[in-house]
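Shared between the two complexes below is subunit A, which has subunit B as its partner in the first and subunit C in the second.
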Partner chain A sequence: MSTVTEPIAPARPPKARGAASARIPFSSRLSPTRFGFLLVAPVLLLLLAIVVYPVAYSLYLSFVHTNPLTGRQDFVGLKNFQSVFTDPAFWHSAWLTIYYVACVTVLAAAVSLGMALLLRERFIGRPVLMAVIVLPWSLSTYAAGVVWRYVFSPQYGLLAGIFEKLGLSPVDFLSQNTVLPSLAIVHAWQFAPLGAYFLLASLQVIPEDLYKLGKVDGMGILRRFTSITMPYVRLPLTIFLVLVGGQAATAFDLIYFLTSGGPGGASQTLTYDIYQQTFQDQSFGTGAATSWVLLVVLTAVTAGYYAMAMSSSRREKKVS
Partner chain B sequence: MSQLSRRRLLRAAGLTALAFGAGPGLAACAGSQVRTPRGGPPLSAPATGGASLNMRIWGAYPDFVGGAVKDFERTYGTKVDLGVIAGDYPSLMTNLLRQNTPLDMVYSLWHMPQAYYEAGWIRDFERFWAKEDAKREMVPAVREALTVNGSLIGLPYFAFVNGALFANTDVLRKANLEGDYPKTYDELYAQVRLIKKRGATDTPYLPSFWSAPWFGITFGFLQEALNRNIPLFGDGGLPVFDEQSAVVDMLRQWRDLYNEGLVPKGVLTFQESDWTETFAKGGVAYSPQLQYDLKTFADPATSQVAGKIVPVPQQGQHWGMLHVGAYLIGDHGQGDDVLAQSYRLAQHFGYRDQRTGEFDVPMAWAKNYYMTQGYTEVNNSPELAESVAKWLPDPETNLPVLRDYLTNPQAATSLFHTTWGPTWMNFASHELPKAVNGDEDAKTVVKNLRTKAESLIDVYGH
Partner chain C sequence: MTVRRKVIIHLLALIAFVWSVAPLAWIVVISLMYHHEFGSAEIHLLPGQPTLANYVRLLGGTARNWDGSHLEPNAYGPLIREGLLNSAEVAVLVTVFSMLVAVPAAYALARVQMRFRQAGLLTVVATRAIPPVATTVPFFTLYQALNLAGTKTGLVIAHLTITVPLLVWIGTSFFGGLPPGLERIAQVDGCSRWQAFWRIVVPASRPAMTAMAVIAFLTSWDEFTFALIFNTGTSAQTFPAALSSMFFQVSVPTEVASATVLGLIPPLVVAAIFQRYIRKVNLVGL
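On to the complex of A and B.
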């Protein structure tokens, strides 16, 4: 018996390789890493366009001299940085920035901690208050600037009106000696609600028993605050301080709307100085160099502060 | 999940570095883009329809401008995209023009176009079909203001005096000084002291824009120096002032006014609207203001001193200096057809409308807002006089005073016709307040102003 093996006719003609794989969804053929990259690609492109590119271009600008009229660019090495560091106006602005950051962080921290402690308590109207205090944070900075112009103005301002009722002469809150603290009040007013919510979340996890035990042990209110409350809020407070400090160091819109850097240069912080150099004076090289100095200093200070806070937090955990 | 290998990481890093380098490179190329060559035969008015145009303005009466744009679109069939630029208009516009943004018609103050024109960011009006007629009809000082390097670079949007001195007759009456107007700044400052001494008001003087926005205090500085005949800038913009200049004494007088509380508190951080609001509130005897704001002060809806504010006559010394706004045409490499459409839009707004042959939009500005124009025919028209008489106190006395302001105003041409003028003015707007509030001695401020001008001449050439 002979067995003839007939070639079995394929039920269907063989398909091209591509066609076979076409049945497998595209996303399944990708490795998880590639699929991940694909998902973030649009955002990555956007970030490249609006963050990485401008930052890289400003670095490039800081090493060239750009003729404001012809646009011609000549490589000048570190000359722009040298101009920045030898300009007394830069050091004046740097000092104002430090002063402003200190004022804003101290005020914002104090107010937000106070608000958080208040909101932790149970009282009638607490939900309403919780909703109301977030209002300053939800306002645009421009709107905040307009509102505070109507508070500060010695001509038609709210405070001037109160002073007048009290028989006092109006005060110029935006004069050269008071302008930065006044701006800091506005800044802190706007950002303290954020801190309050931040800290409130931490305060609410503190077991009430700890306070009761503290009272039994004869701890006063201050001692209970430093020994029980503070350890819980130290880290979130640190994070908030870094946030608000960085925000204050780069503040521009509020200063622009309220004082335009004035009177004279009394509120000309580094960010305003960068704006003036770059956009008003068309001095792109020194403007970019100043912005890089600010960026490097801010990054270093923030990183150092975080490192200190984290190591201190670790030490505390070990001790406890 | 697959690991990211070292090779792939390096490849990604390399591509990123390339992107970093390519971006600035491309931008550098864009920055040195070739502009449209100048010259060419005069253009003829185009047929209706055609190109779509971009027009950018600052936020003054955008509804009125929008209405005029609609009229233009209806009449000529040309679409116009009108945009209002908020914030620091001069800086933003400078950067938009630098970047070749396709802007066909934009507002500008007259100290900006010298740099714009020399940089090749704007087209001139040398090929405009009605150029000669428009120039002939312009107020001579306006024509000179809008002529850069021999070329007409724009058509006038407005022309009036910045720093026209206004008096509040109510306060003067209380001080028993009604009609006794000062003839010079020295007399003015003596009189404001007397007004305070007599108890008519605490802050009798509101100075001219002593704050930073829109070059404020610098305008005040330039106009008072001009009015006092103190030379600041010579030919080609060379500074001719130094620490021995009479301008030092002028700044010391400003400091005295500030120290003695003769000016309202907070003037150094006023925003633009504060100047009019403070004067309109009452209690100020004298204030140099934009001439066109006189109508605002006469309107009971916006002013508590309506009917009491009058212009102080010029008796020998000028008050204020020429302030001109212009319609400019951006250079974005447009062809003759688009340029012709832009000329027609500029003509509609800044000259006689091509179809009606009348000053339609300029006259409407003048009548509705007392925004006087760069054309004598508009400013001296019976139509405008009739309109002004409705709100100006004692028009028979005061209208000639207003016309006199516009007849032969002083102008800061030697500074405004430099490429670096706006940059110097920005610097001065932050430097001059220091002389007022005592942060710096007046001599130091004047020295800094001169040094800045010299350093800018080194950078810009002239």
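On to the complex of A and C.
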């Protein structure tokens, strides 16, 4: 139909099918690229307006001082960044963020891999467990925060209740020293099901015979895990952990509901710090500067990690 | 399989079950307790006197206390109910607009032989990497200038920044999986490119698009950061912000628990109804 170049004189179709179908439809006169652009244009416009603009504006904000009362903005160069980097509170928060991300990735890796290995086995009630483990993931994150507040509470929490029944003294899970690992448990609780499903798919392609051969060769259970299972799950596990780590580095809902950064700033990660600087202290400049530092570090780490995982998996494929 | 191995696996399965369910079961248990029982010195793991009073009072009714005395409707009831309605309205609008914009774009990026396809896809994916914290401040200042702060429109727009790239990403992989040459057949039958998309591809990918719509709805319903910062304390306040006020201002756990459970029902129902569609999504895309 693209042979018809003259739109004014429509070609007659071989069989007369009525005037409507005789007309050359508008979109077929467009080149594929133009047609594609027409379909993509709304998204590009939207992204430009609601993603590119805010990001650019927050970059601008990080270079000016904004008076919270008058709204007056003065260009201050790198001063906001300088005050961020010389503020001990920033380094405290950065350290907490790294610690939190480490806790979450370790826990999420253990729980998701454990669940996937378990779900690969045959046992009574497996379909039920398959359906039930997604429950935490289908919860809103803020709801998970509320739920776990009532699990952790030393006065009326579920864990305190169980400890009481067992005759143990209650433990404060959200105390200064334990708050980040406790938050990480909740984070892993919520996101591990996603990883378990993802890893299960990779586990199911491992040929059963490999394990039998390993057994014949006298490999122990640990040896079979490291040399048969791990090569298959290393890449999917990496992808999942980068995803979860990125989420942990920007976690807000959970911290807001469970601890609000406390006790005594012990769970004041960078995201929460940005929220406080910006919306409680009204310090837009340093808030924006901090969020840019976080954004740049996060992007660099994620990209680097992906590149590493991709190249190492490619090398493995070449070797085998 | 040895007996010992079997026992261990069943034991681990039981642990996995308890780990996944117990925290949720606990909040339901709390929501079914009278404050009197909940506040007693000893922690009860099951309600001795189960009651729906917390729910009834939240929905605007009166109820009887454990000793038969009269209980007024919950003061936070109107806030929570309004929040639920606002959340539903925002989530539906977000779903409609994201689908209108994202479906054609995903289709084009997946199947139209156009130039800059790869670049377009990369741009969309890259925007997904931006955490909401980086965009709240600009939105906040912009919204104050445009009088969009504290409105549902503002929240819908903010949610679109999350859902549109997400849906384009999911949709591209869906459309890419359709049989090649589908449009060619349609065009031989006399359809234009647009008609091939609208009359052939769209009906053929109804399950995929259902999944996309459900994901848009759930993402908007679950979103907290924008909802908290833009609309707290206004009449456009959505459920998470209303729950947050209730949680931090009164914090009567039995009442907050019932409000939380109420807010979990809509997304869980939607997810349960459309479960078989959502399962097809590549989970890590989320």
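Following the convention adopted for this analysis, the second predicted complex is superposed on the first by the 297 of 320 C-alpha atoms of A that agree within 3 Å, B and C clash if a C-alpha of one lies under 4 Å from a C-alpha of the other, contacts with A are read in each partner's own complex, and residues count from 1 in each chain.
By definition in this document, a contact is a pair of C-beta atoms (placed from the backbone, for glycine too) under 8 Å apart; a residue touches a chain by one contact, two chains touch by 3 or more.
All figures in this text were calculated on a predicted structure; none of them were measured in a lab.
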Superposed partners subunit B and subunit C on subunit A - clash or fit: clash
Partner chain(s) touched by A:L294 [first = subunit B, second = subunit C, both, neither]: second
Which of subunit B and subunit C A:F279 touches, first, second, both or neither: both
First (subunit B), second (subunit C), both or neither touched by A:P32: both
Residue contacts on subunit A - larger count, subunit B or subunit C: C
Touched partner set for A:V179, first subunit B, second subunit C, both or neither: first
Partner chain in contact with A:Y156 - subunit B first, subunit C second, else both or neither: both
First, second, both or neither for A:I50, with subunit B first and subunit C second: second
Which of subunit B and subunit C A:L129 touches, first, second, both or neither: second
Where subunit B runs into subunit C (options 6-14, 42-50 or 78-86): 78-86
Contact residues common to both interfaces of subunit A (with subunit B and with subunit C): 32-33, 36, 53, 57, 61, 156, 256, 279
In the complex, subunit C residues that touch subunit A: 6, 9-10, 12-13, 16-17, 19-24, 26-27, 30, 38-39, 42-45, 100-102, 104-105, 107-109, 112-117, 120, 123-124, 127, 129-142, 157-158, 160-161, 164-165, 168, 187, 190-195, 221-222, 224-225, 228-229, 240, 243-244, 247, 253, 256-257, 260, 263-264, 267-268, 271, 283-284, 286
List of subunit B residues in touch with subunit A within their complex: 1-4, 16, 19-20, 23-24, 27-28, 31-33, 88, 91-92, 94-95, 98, 115, 118-119, 211-213, 264-266, 268-269, 271, 274, 277-278, 281, 419, 423, 426-427, 430-434, 436-437, 439-440, 459-460
Residues on subunit A engaged by subunit C in the complex (per definition of touch): 1, 13, 17, 21, 24-28, 30, 32-33, 35-40, 42-44, 46-47, 50-51, 53-55, 57-58, 61, 114-115, 118, 121, 123-126, 128-129, 132-133, 135-136, 138-143, 146-148, 150-151, 156-158, 160-162, 164-165, 189, 193-194, 197-198, 239-240, 243, 246, 250, 252-253, 256-257, 271, 274-275, 278-279, 284, 287-288, 291-292, 294-295, 298-299, 302
Subunit B partner contacts - residues on subunit A that touch it in the complex: 31-33, 36, 48, 52-53, 56-57, 60-61, 66-73, 149, 152-156, 170-172, 174-176, 179, 256, 258-266, 268, 276, 279-282
